[in-house]
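Note sheet for the following structure.
The first chain written gets the first letter, and so on, giving A, B, C and D; residue counts start at 1 in each chain.
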């Protein structure tokens, strides 16, 4: 028997290590047609902010080799709408539900979190200090230790359940930021958010995105994400959630061998909306083949 | 009308002209109901230069044979690779996606306008309209005469009108220049339009002037095709809406054009 | 008539904007079978160090989605060998020859450069302060402004011809490092070097590279490279040489529109050893189609 | 012996068994001279999962017909995609790459050892050896009986000996266990060996003990295949050497094994 359970700490235990990545899985319910959402360890819903946001102008997407750029810019109807309209539709799932929280100021992050603190059906929040697609806040918080510490500490004060902090790869040393998040009270860190990139339409001589630059995701970024997960797993004592370009179970296993306790699937859902369930099954097959009975054997199981 | 991921079998490939071809895709299980204006997305598996799925309108549906047809114009790596598929190959699809055209009142005069490969959804739409009205006018516009394709097929389902910019087929000029627009537009109950954005915008302007109800089928860069990535938005009076799930069919009154 | 000339400053004028990337083109002569080297704007030869280096243990390469990781680690026979054995074979080409110089200490960089200063057939050096594959020096110099300034200034003192400084993408803000290089006397900057990445063999549960992490190159990194070139071109006054994942003329044009005066092709040479000449031709075709008579119309020609 | 980039036409595809197949690739221009032990690299164009070229030994050469044969074992995305090519397709190749086996003295007894798909270069090698010596012994090892392939073809060019680990074909055990090794190795002038590294290492050990000259064909992860990336090195007494350009053929005396 293979036990797929993973413990991310502070009460967040998943039936299996597979989560979805924020902004790529809507509110989960959009996938009801494709998969049984209860098969997932959990899902991270869309980036949520204190106030309604229209996001960036279009075009917001450009395809790149083995990847895509997006410049959505946190379009969402605000946390109040989420709590009133969306939250009730999510309580029926057994899978854990994690809300991705973003803001332009520390006060925004804190106020947004306060709306979520009391909700039984929300198992954790993922603090997005790494969104490259907004003018203020977002990634700015995730690229210096000082600002990361401030925002994490402020949110920690108002949130008692599991606090996951999502890190930006657009930094010289990601382990530094990870340690700051840990020191300020994060229960886990998730990485990576998108890498800042750009694409140009040579015919029209114009950027392909309305915002000129956007966030790169998909298999193209996998080697970078895996390296960062490995570095961070070796430098903090809290669990690490790995993501960036995971397309199949083998990719997920790479992240877990490198030290991730759980993984998130993002862009892969666009190409195969059933991929998450396939990855759950594939991890189980891998563990059987390698005679691992618990995810503990897998996590950080890289042989050097 | 649940969305499904399905591997469909290429039952037929019809090369229409240099750029355009039709794939008939057969479902091994009974076809779910598909509405006019909806689309499917294809995962182009054999091209290194394609990462995301590609959206294509449903051109025709045959429930008896469980086939869906798509009319594709070869414009880049994805559509070019699809031109290379062979009868018997499997194609990874998701469908039905998107909303659909709304239906007219019984017997109402309707005008279907297609520009370029934007004619694709108009065939199935006309077929769906036939039980509702017999006054179906299909205006097909293209730049050159040689791009006027499948006219006989459209003639079976409605009254075909054509314009070409080079004047080689039908009336010379843009679709908006067609005599129908001056002479009979006021009698039309609904316009359905799909084509290049400038064309749709000028049709929309005419429709507004003449106060004719008008729906357009929009395109946009799509990440997912089923409403989760928010990449494909367009501006409406109610803010950003997704072309893939709130659309692709929009009432022009809702668009910020 | 299309004029493909580009001027990189301090005497370095190329017949066309196409260079090759160091470490991917050997000493150039290996391509004699495939192309007429005189068709290139120039070529940047292999990373050269003061002393002979055996480089890293193998395996040194792993394939990744639309890219590859390498961990060569500057294997070369040292600058003296280069001057005695290789240099004489290079003087016959009209194309400009640029030597890529690496070191573990500032003294290494300086001494290595001194060997090259007097050679008429060497038109420029490219200072590699961004190699991720060596334990000491390399990338360390390129990830902080202070150390970048020191090494560039030291080399500038002993080298009078064109000094190109090659930047690392593994930083929070590449424009900062670029400005430091400029302030310390660089005549141009080239970017990007490889992005630090990792890959794991799930079957053997081991890293695919002997060094665990290595440098990612190829089309996967193109969006990131292009973004950085655009950022740097907008923040320094010296010419920028753009590279990272360029596979064809269209990619090259994207970099030039974003502000690059010239481009380098690296990994692309492995897949098509004739790609450089095709890119020269393709840029000319593009310029004709867009009615550009001089590369000045192309460089930075992005419409915002 | 200039290296060329050439699109060769697939003239024949022969499925040898479940995993192995042979492609005969035809050059539209007269074939350049190719030496035994050299390889070519293929740009696998239709697989999303392949980025770099894939190296394959030259299995056979037919100058009259201008064809090169490669024997390929399907092990991953690149080789699997090549199994799908069809007669008439074009394959983007670079050849000839690498050094070659050295030739024996006139009439010398030689032993060719191939393990798994490492038998590939041995066919052309035996053909090239024929004018030099008639005492050509070809020892082919595999795990299972069903993996012993192309025995008749090798029998045409030498004295074939076989071992299988399951004992189903030839002598049971590893190639090093074959009776030839105990009884006749001392008479051999040269051993040529290609196969999995552990096999080559044990052959090398035997050869050293018996002081028989021995060359092995190495594999390594290749970035370029023609000596410019320095990714494919192996350890020799003179430091790192490139398998693709200093090799793939190495004298075991030079290797740090």
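Criterion: a contact is a pair of C-beta atoms (placed from the backbone, for glycine too) under 8 Å apart; a residue touches a chain by one contact, two chains touch by 3 or more.
Nothing here was measured: the structure is a model prediction, and the numbers come from that model.
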item: Length of the shortest touching-chain route, chain A through to chain D; value: 2
item: Neighbouring chains shared between chain A and chain B, ordered by label; value: none
item: Chain whose Cα centroid lies at the greatest distance from that of chain A; value: D
item: Inter-centroid spacing, chain D versus chain C (mean Cα positions, whole Å); value: 36
item: Distance between chain centroids, defined by C-alpha means - chain B, chain D (Å); value: 54
item: Gap in Å, rounded to a whole number, between the CA centres of chain C and chain B; value: 47
item: For chain A paired with chain C, centre-to-centre distance based on mean C-alpha positions, whole Å; value: 34
item: Shared-contact residues (touching 2 or more other chains) in chain D; value: 48, 50
item: Multi-chain contact sites of chain A, meaning residues that touch two or more partners; value: 64-67, 218
item: Contact graph of the chains (line, ring, star, complete, other); value: ring
item: Chain pairs that touch, as defined at the top of this document; value: A-B, A-C, B-D, C-D
item: Complex contacts: residues of chain C adjacent to chain D; value: 23-26, 30-31, 33-34, 54-55, 58-68, 70, 72, 75, 218, 267, 269-274
item: Partner chain C, residues of chain A touching it in the complex; value: 64-67, 69, 143, 170-172, 195-200, 202, 204-207, 212-213, 216, 218-224, 226-227, 230, 245, 250, 253-254, 257-258, 286, 290, 301-304
item: Parts of chain B lying in touch with chain A, wherever the complex brings them together; value: 2-5, 43, 49-53, 94, 220-235, 239-240
item: In the complex, chain D residues that touch chain B; value: 45-48, 50
